[in-house]
Amino acid sequence: MEFKAINIADFLYGTVEGDENISVSNVSRIEEGKPGTLAFLANPKYEKFLYETEASIVLVSRNFVPERPVSCTLIRVDDPYQSIASLLEMYQQAKMQKSGIEQPSYIDSSATIGDGIYVGAFAYVGAKAIVGKQAKIYPQVFIGSNVKIGSNTIIYAGAKIYDDTVIGDNCIIHAGVVIGSDGFGFAPTEDGSYKKVPQVGNVIIEDDVEIGANTTIDCSTMGSTIIRKGAKLDNLIQVAHNCEVGENTVMAALTGIAGSTKVGKNCMFAGQVGIAGHITIGDGVKIGAMAGVSNSIKAGKTVLGAPAMDHDRALKTYVVYRRLPEMRDQLIELQKEIKELKSKLNEE
Amino acid sequence: MEFKAINIADFLYGTVEGDENISVSNVSRIEEGKPGTLAFLANPKYEKFLYETEASIVLVSRNFVPERPVSCTLIRVDDPYQSIASLLEMYQQAKMQKSGIEQPSYIDSSATIGDGIYVGAFAYVGAKAIVGKQAKIYPQVFIGSNVKIGSNTIIYAGAKIYDDTVIGDNCIIHAGVVIGSDGFGFAPTEDGSYKKVPQVGNVIIEDDVEIGANTTIDCSTMGSTIIRKGAKLDNLIQVAHNCEVGENTVMAALTGIAGSTKVGKNCMFAGQVGIAGHITIGDGVKIGAMAGVSNSIKAGKTVLGAPAMDHDRALKTYVVYRRLPEMRDQLIELQKEIKELKSKLNEE
Amino acid sequence: MEFKAINIADFLYGTVEGDENISVSNVSRIEEGKPGTLAFLANPKYEKFLYETEASIVLVSRNFVPERPVSCTLIRVDDPYQSIASLLEMYQQAKMQKSGIEQPSYIDSSATIGDGIYVGAFAYVGAKAIVGKQAKIYPQVFIGSNVKIGSNTIIYAGAKIYDDTVIGDNCIIHAGVVIGSDGFGFAPTEDGSYKKVPQVGNVIIEDDVEIGANTTIDCSTMGSTIIRKGAKLDNLIQVAHNCEVGENTVMAALTGIAGSTKVGKNCMFAGQVGIAGHITIGDGVKIGAMAGVSNSIKAGKTVLGAPAMDHDRALKTYVVYRRLPEMRDQLIELQKEIKELKSKLNEE
């Protein structure tokens, strides 16, 4: 498919600066731009590539002022990042139109399947499960008994959804995700062994949630582990039993949240964060990469480090931490000087 | 299924305080209790919810003394946490009675399958594999050649068991677990590339072990990687080749154990712990979340932090660490004062 | 299969010291050696086991001088670790000769399959996919549309390869690996929710790469996420979108690399390392376990800790960090002494 600059600008409510009739058939990164592709410039750090890119068209911000002459065609838009997103979405939707039921697949006779659904080969849909219309269930997906899956939700190859899980509309569950596995609950016994505490709750995932590859979300001991509307979880994240993750909260890869913790809405967690159990993270909290959070955090705070500290405090502490060897030397020097002062004073 | 307070008390060897004939059909958390459900109170932090819960019945400790009047029916037991576990276990066993062999599944003609087994659709049982009686092999599970799986063991959807693995009785292996993948062993060559060291050992998992979703356990280079009886591993844990994890040791999510390390029995590791290779962790060792352990630890110790330190020492160090900016200011202040003292002394 | 010492020595260009005709049928670790097995001694730490092992044959270095008498037969070779690797490789190749197409499997009519291939039951090969000769596709593997897989590559059970991925020759992809899942890219909108940025790029994995169990590699937003020739990734690693991992770079388990970061060749990362996005790690960089790297690192450097510091600097800093409680006491002591000095001085 080829698109002209003028048509792309129309679609994006943008304006063309350069050749309106130049056409592109693919996208590229600005630093790797090739003729016939469209790139975008959102991060000012990448501006230098604008002057040397071979991309035919580059999306830029409406108020962007180039410092040097530009040889490609520019399309000016309100927000280049959102515009490229809209373009790519259109591109991807055109591309991904799977439907129908491949064989062999296993759909229990008591399950209910919506119109326009795709079920890949070797997918399993358990007893009394309900899958909404236009949903896409890729090959080798497992959907347990009594699971409910909303409309337009995509479940990629090999994701495993345990019994009683509820997933909303327009969700994307990536390959290898496990939802509803038993929470990690054991009661110690007198001989040092552990007795399993059965986990009879479930997981509820609201609408518009995306869950990254191989992430695991345990079911609640009783009641529900809940991922609220619009939350986005990256790959290899662990959400333990009884947790709640708030609306529009995003978490990067390899983060772990221990049991019964409530995370507010609009939070941002960087990668490899660890959150203790039974605490509360307020709305809008930002947590830096590898931070270790063992206490509740109030709404709006930004914390860093392990143990986690307030952002400004953490930066100050890092500065001193990095100077510890000098600090020790200064301390030793002071000890010497005081000794000298003392003996001097005693001499007098 | 409905149960009366008096019948539940009988089952648990407990005593009723309140309406013996009130009945429940489900369980709930005390803070979310609804009429017709049973809750429990084990952690004193949750006592406040006892006075406002709508749960019909609450399990409490035999010696618990309420501070305010209670409107629900109480059942007094020795250990509310263990009691709820027993109840839930009964509930879950009643619920989960899958058996039979779903089609299509693949069971090699040389494999041996016990009585009363469940094999889900798209499960694969390789050559000469032996699966014990009453075992449950969920859909899309892969069981390689020569694998042995004990009686009553449950392997959830999509777990992958490589050739030659041995799994005991009464184990629970969650979805997405990989057991027996190649250890990470490579010999450097002169040109900077690596030559794979074939990993010809296996993994042995003893009885009563539970392995959480998407956890990976590599096979030994030669000999066996071993998970001892009663050990419980949470989700997304990495156990490298040649390791041994002792009896009744529990580990929380995202923990990694490097190659050839021996972990003793009755240890407790919190989440995201890292353990170096070729070391020994003694019996009963406790390791705090995100600790980085690079040296062997003696039995009975508790360590925290990265690099890991003795528990008391670590707490003291954290206190000072958090005051580093003030400490630097104090040091600078001292430097000034000494300078003044010196000049004063010289003046005299 | 039994092998005599003299034949093994011939195969390895080694020399026998002891009984040339003693034979072995299996391998063992030197510390667990049993009669009829072959062990090896590469790490000097294990020398003590040489004098007590029951292994019949032990591979040692050509210039190794035993400190005490040895009862087993020795085979002297240039590099015992490489020699055992060669032996085990031969052993494993003899063992693993699967081929043919098991049923039921799903191979799209537009896919192309090479000679001598193995396709396990419940494996899925999508439209226009190309799988090279002698490749082994284990049960329940998912191969999306337009995927290319080279010759002799092994993809273990249940690995999931998204559309458009390219994998080279002689690669090993372990069970549960996910390659090509969507990068974690979302544009914030005014109401606090996020709009997905479609990820239309792919993943390219060059020849001779090994990827450990349950590791995830996201596709590029546009263009390619690239794993270069000979790289070795352990289990449960996250490689985000747009990253590049250089030739012969090795990474241990639970490491995470954020988006758009370039890692050079011949690097070594220990476990649970975290690397920020949009930075460059030079060739030959070594990174210690659990290090947190937020800035680019020049070629050849070794860094430790979180935040990561130069190796020598980090070790010095650790020493002081561990003495922080004493340092505070010394500081308090100095404050006291100065106070005394001052008052003494004022008295005079």
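The chains carry the letters A, B and C, assigned in the order they are written, with residues numbered from 1 in each.
To be clear about the criterion, a residue touches a chain if its C-beta (ideal position, glycine included) is under 8 Å from a C-beta of that chain, and two chains touch if they have at least 3 such contacts.
Listed by chain with UniProt protein names: A, B, C = UDP-3-O-acylglucosamine N-acyltransferase.
Computed from a prediction, not measured in an experiment: that's the story for all the values here.
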If more than half of the interface residue numbers appear on both sides, call it same; otherwise different. Which is it for chain B and chain C?
different
Rounded to a multiple of 5, how large is the rotation, in degrees, that superposes the C-alpha trace of chain A on chain C?
120
Hey, how far is the Cα centre of chain B from the one of chain C, in Å?
25
In chain A, which residues are in touch with two or more of the other chains?
104, 122, 140, 158, 176, 214, 236, 254, 272, 306, 321, 327, 331, 334, 338, 341, 345, 348
List of chain A residues in touch with chain B within their complex:
104, 106, 122, 124, 140, 142, 144, 158, 160, 162, 176, 178, 181-182, 184, 186-187, 189, 192-200, 214, 216, 218, 221-223, 236, 238, 240, 242, 254, 256, 258, 272, 274, 276, 278, 292, 294, 306-307, 309, 313, 316-317, 319-321, 323, 327, 330-331, 334, 337-338, 341, 344-345, 348
Residue positions on chain A within touch of chain C in the complex are 26-29, 32, 79, 81-82, 84-85, 88-89, 91-92, 102, 104, 120-122, 138-140, 156-158, 172, 174-176, 208, 210, 212-214, 230, 232, 234-236, 247-248, 250, 252-254, 265-266, 271-272, 289-290, 306, 318, 321-322, 324-325, 327-328, 331, 334-335, 338, 341-342, 345, 348
